[in-house]
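Two complexes, one shared chain (subunit A), two partners (subunit B, subunit C).
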Partner chain A sequence: MMRKVIGIIVIIVGLGYVFMSFDFLPVIGDSTAPAHTHVSDYYIENALRDTHSPNLVTAVLADYRGFDTLLETTVMFSAGVCAVMILGSKSHIRNRFLVPKKILKGKPEPGVSAYKTVNKDVMVTLIAIMILLYAIYVLLHGEVGPGGGFQAGALMALSYIVSMMIAPDTRPLFSLSKANAAALAGIGVFIYAFTGLLTVFNGGMFLEYGRLPFPVSNEYLHTIGIMLIEVGVTIGVMATIITILKAIIERVRFDDDRD
Partner chain B sequence: MSPLIIEAILLLALIAITLAVIFNRDLLIVIITYCAFSFIAMFLYIVMSSPDVAFTEAVIGVISTIYFIITLRKIDRRCK
Partner chain C sequence: MIQHYPALVVILPLCGAALSLALTKIHLHLGRNVIFLSMALSFYMSIMQLRNVVINGPMEYRFGGYAIPYSIEFRIDTVNGLVVAMVALMGLITAFYCISGEIRSEKLKVGGAYAVVALFVAGMLGNASSADAFNMYVFLEITALAAYCLIALGGNRGMVAAFRYMLVGTIAGTFYLLGVGILYSATGTLNMQDMSIIIQQGGKDEAVLVALCLMIAGLGIKSALFPFHGWQPSAHTHEERGSAALIAGVMVKIPVYMLFRFVYCVFGTNFKYMQQILIVLGIFVGIGMMYGSIRAIGQTNMKKLLAYSSITQTSYFMLGIVIGSPVALAGSLLHFIGDAFIKGGLFYCAGAIKYKFGTVNIDNFGRIYKKMPVTSALIVAGALSMIGIPPTVGFFSKWYIAMGAIQTGKYIFVILLIISSLLNAIYFFKIIEKIFMSKDKGLEDVRPVKKGELPWSMLVPMSVCIVVIFLLGFLNVKIINMVLPLLKGVGM
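Coming up: the complex of A and B.
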C-alpha cells in the first residue's frame, strides 16, 4: 500500500514536470530552435562540398562525427560481449530454436510441403536470400538513400534469423558459433578503427578521409573511407545481434536464479 | 489530412498500445502488442520526415520481438 502511494506521487510529480516544460519546448521543425542555430546551417551548406556524400545523415554520422560512431560501435560490441558473459553461464544442455520436438512429433518431416502447394522451407529460404540482397543494397547505397551500415547489419542478422527459423534440423544460410560471432563483432570494430589509423599513417588526422593511401581523387577518397567504415559497422552490428541471439538460445532457463 | 492530425492519431495509438502493454497478463500478447508499438513509432518517424530512423526502427523492432519470443519460451508465459 505504502509503495503504491509513493509510486502514484512520483508519477504525478513527473507528469506535472513534463507538462510544465511543454511551454519551453520548440515546435517540431522550428528553424529558430536552439538545436538548429549553431551547427546545422554549416552542415547543410557545406556537407556536399566537404564529404561528397549526398545523404546528409551519412555525412554527419560517418564523417563529421566519426569518433562518435566509432565509440558507438565499440559500445555495441561490448554489449554483445556482456550478454554472452551474463547469459552464457548455463549452456550445458542444447536447446532448440522455436520448434520444440514434441510439437514436431507425428508431423511430416521438415522439408515436406506444408500446404500441398507451397513448400514453406523453400519459401523462407528465398525470403532470407532476398533480405540478404536488400542488406547489401542498403549498405552500398547508404550514401545516396536512407540507410547505411547499421541498418544493413541488422538486415543481415535478420536474414540469418529467418533462415534459422525454417526447421530444427536444417542449416542456416551461413553458420556462426557464439565465440566466432563475438570475434567477428570485434573484427568489425577493428575495421572501423583501422580505417582511422590508415589516415594517421599517411600523415593526416584520425579519420581524415582525404588522406587515405589510395591513388584516386579526393572525392572518391571520401566515398571509399565512408564505405570502409560502413562495412565495419555492418559486420559489427550483424555479429553482435547473432551473438546475443545465440546467448539467449543456449541459455536453458531464465527463472532459475535460486540454484 | 494535415500532418498534425496524423501525428495526433499515431500518438494516441501509442498511448493506447502502452496501456494495453501495462494491463495485459499474457506475456505473448504483451510482446506482440509491443511489436505494434514499434510499427506505429516507425510511421511517426516517417511523418516527421526522418526515413533513416524509421528504417532502423522497423528492423530493430522485428529483431527485438524475436529476442523476446525466444526468451518467452524459457520462462512462464503468465504474469504473476
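Coming up: the complex of A and C.
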C-alpha cells in the first residue's frame, strides 16, 4: 500500500513539475509551430500532384505512409490470431459446464434466444443487407472521399454481428467459421503486402503505386493501388472482427483451463 | 535486386504469417513450411545486405519512392545490419525449435502458432531496420501483441503473466508514443535523420528532455530495465516453451537498441541535459546489475534464474549507453548480439530438459550430462560466456565495455561489472555443478519411446547456438572494427 502511494505521489509531482515549468508544447492553433510547417506544408502543396488522390487524409494514410497502414492491418490480424489461439479449440460448450447435466436438461442451448418473433427474423435480414450495402459504398467511395478500408471492414463485420446477435437461428447472409475467418484475415493482409510486392517486381519501390503493372495512365495507377490496399484492409478487418467474435462466443466459461 | 533487401527482409516473414493459416487448410504443414522458407530467405537477405553495407556504406530504402522526410524510410548501417542478421537467425532457428511442440491434431493451432512466431520476428526485424519514429512504434506493437500471445500460451500461469505484461506493456507503448508525439510537435518530422538535423540546430532541449524521459520509461519497461522489470520474471518463467528463447533472448534487447538510436543518433551528445540523464540511467544500471545477480542466486527454477539473470544482462547493454564512448558502445553491441544466442541457447536448454524430463528445477539436474550431452555442452558454453571466460563472446564484450569505462574514467562501473560477473559465476557454477557432479536423481524420461537425446529439430538450433557463441568470440575484433567508424561519429 505504502509503495503504491509513494509511486502515485512521485508520478503526480514529476508530471506536475514537467508541465508547469517546461514550455515544450506549441500553442493550440499556432500556425507557425514546426508540426504545421515542415512536412505538413509539403503534403498540402504536393499531395494532389504526387498521389492523384483528391483527399489529403487518404493521400497521407494510403500513399505517403502506406507502409504504416500495412502494419496497422497486421496489428489487427495478429490480434485476431492471438484471440483465436488463446481462446480457441476448446471442447463443446455443454461439456464444459461445471453445472450437473440434469439441471441443464430442458434449458435452451446457451447462445440461443429464448423468444422468437417473425418480425425480428425478417427485419434483421433487411438491416444486414442495408449495412452491407453501406459498407461497400464506404469501401468504393473511400479512396476518393473520407473513409475507407477500416470503416468498411468494421461495417461488414457489423452486418454479421447483427444477424448473429438478434436472430442466431436464421441463416446469416454469409457464414464464416473461426478457422476460415482467421485465414481470410491473413489473406486480406497478404493482398495489401502483395500490392507492394507487385511494384517491387516491376522495378519500383515497395508500394510505389506508379509502378503497378497495369496498362493505364499514372493517375489511375494510384487510384488502383489505393483501391487494392483498401480491399485488403477491408477483408482483413472484417475477418478479424468475426474471428474475435467467434473465439469469444465459443468460449463462454473460462474455469476449465488446465496447465 | 539488392536495393530491395532491407524491405524484403521484413516483408517476407510478414507475408508468410499472413498466408500461414490459409495454407494450413490445404495441408497441415504447408503453412509452416512456407514460413520456414520465408524466414530462411529473410536470413539470407539480411546477411547479403550486411555484406553490402560493409562494402558500400549505409543502405536507404524509401517506401513509396517519395523524398526522405515525406515517406517512411528504412536505413541499414553496420550497427543495425548486425542486429537484423541476429534477429533473423534467431527467428529461423527458434521456428525450427518449435516443431517439437506442435499439437499435431489441430490445423488452426499449428498454422496460428507459426503465424504468431513469424509476426513476432517480423516485428523485431522491422524495429531494427526502421528509421522512422512512428513506424518503430507500430512494429513495437506487433512485437508486443505476438509476445502477449506467446506468453499466454504457456498455460494458466502464463495467462496471468501475459495479462500482467499486457497491462504494463500497453502503458509502455503509450509512453513511447507520447514521446514521439512531443518530438513531432517540436520538430515537425518523424524521420529520425531529419529529426536529428533539426534538433542539432538547438533550442529544443526541453521538449527533447521530456520526450527522452518518456521514452526511457516506455522502452525501459519493454526491455525490463531495473526499476521497470516487475513483469519480466513471471513472464519469462511461464511463457510458451518453444518461443521462450525469442522472448527472453531477443525481444527485450530491441528497445535497448531503439534507446541507443534515440539518445546517440537523434538527440546527439550536444544535448544540454545529457549528463543528468546518463547519471540517472547509470544509477538504474548499477543497481540493476547487482539486483538481478543477487536475486538469481536464490532461484531453483532454471527459467526464473535465467529471467533474473536477464535483468543483469539488460543492464550490461545499457551500461554501454551510459558510458557512451565508442569502444563501450561497440562492446555493448557485441554483448547484445552474443547474449541473444547465450540467453536464447540457455532457454533452449531449459525447454529441452522440460521436454525430456518434465522439470526445470535445478536440484533435479544431477548428472544429467550423461543423458543430454548436447544440452549440457550448450549450458556450459552459455554459462562460461555469461560469466565472461575466453574464448567465448561474453569475455570480449565485457572487456570492451570495461575498456570504455576506464578510458572515460568511470571506474565505478568497472568495479560493478566485475562484482556482477563474479555473482554470475556463483549461480552458473551451481548449475554446472548440479549437471556434472551432484547425485543422479534418476529422472524419468517423459517420452521414453523416442530414441536419442532429443529430436533433431531441437538439436540443430542448440548446436547453432554453441557454434555462434564461439564464432562471435573469435570474430570479435572484426565485428568491433566494423561498427567502430559509425560509433565514433555518434559516441562521446
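We take it that the second predicted complex is superposed on the first by the 193 of 259 C-alpha atoms of A that agree within 3 Å, B and C clash if a C-alpha of one lies under 4 Å from a C-alpha of the other, contacts with A are read in each partner's own complex, and residues count from 1 in each chain.
Please note the rule applied: contacts are C-beta pairs under 8 Å (C-beta built on N, C-alpha and C of every residue); 3 or more make two chains touch, one makes a residue touch a chain.
Just so you know, these numbers come straight off a predicted model, no measurement behind them.
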Review point. Is A:127 contacted by the first partner subunit B, the second partner subunit C, both or neither?
Key: neither
Review point. Which partner, subunit B or subunit C, touches the larger number of subunit A residues?
Key: C
Exercise for review: Give one of first, second, both or neither to describe whether A:151 is in contact with subunit B, with subunit C, with both, or with none.
Suggested key: first
Point to revise | Contacts of A:161 with subunit B and subunit C, given as first, second, both or neither | key: first
Practice item. Answer with first, second, both or neither: which of subunit B and subunit C does A:71 touch in the superposed model? Key: second
Check your understanding: Between subunit B (first) and subunit C (second), which does A:190 come into contact with in this model arrangement: first, second, both, or neither?
Key -> second
**Study point:** subunit B residues within the subunit A interface of the complex
**Key:** 48, 51-52, 54-56, 59-60, 62-63, 66-67, 69-71, 73-76
Point to revise | Touching residues (chain side subunit A, partner subunit B) in the complex | key: 28, 57, 95, 97-98, 100, 138, 146-148, 150-151, 154-155, 157-158, 161, 241, 244-245, 248-249, 251-255
Study note, to complete from the structure: subunit C contacts subunit A in the complex at 4, 7-8, 11, 14-15, 17-22, 24-25, 61-66, 69-72, 106-109, 111-113, 115-116, 119, 122, 126, 134-135, 138-139, 141-142, 145-146, 148-149, 152-153, 155-157, 159, 182, 184-190, 198, 206-207, 209-210, 213
Revision key, fill the gap. The answer for subunit A against subunit C in the complex is residues 18, 22-26, 33-40, 42-43, 50, 63-68, 71-72, 74-75, 77-79, 81-82, 84-86, 88-89, 178-180, 182-187, 189-190, 193-194, 196-197, 200, 204-211, 257-259
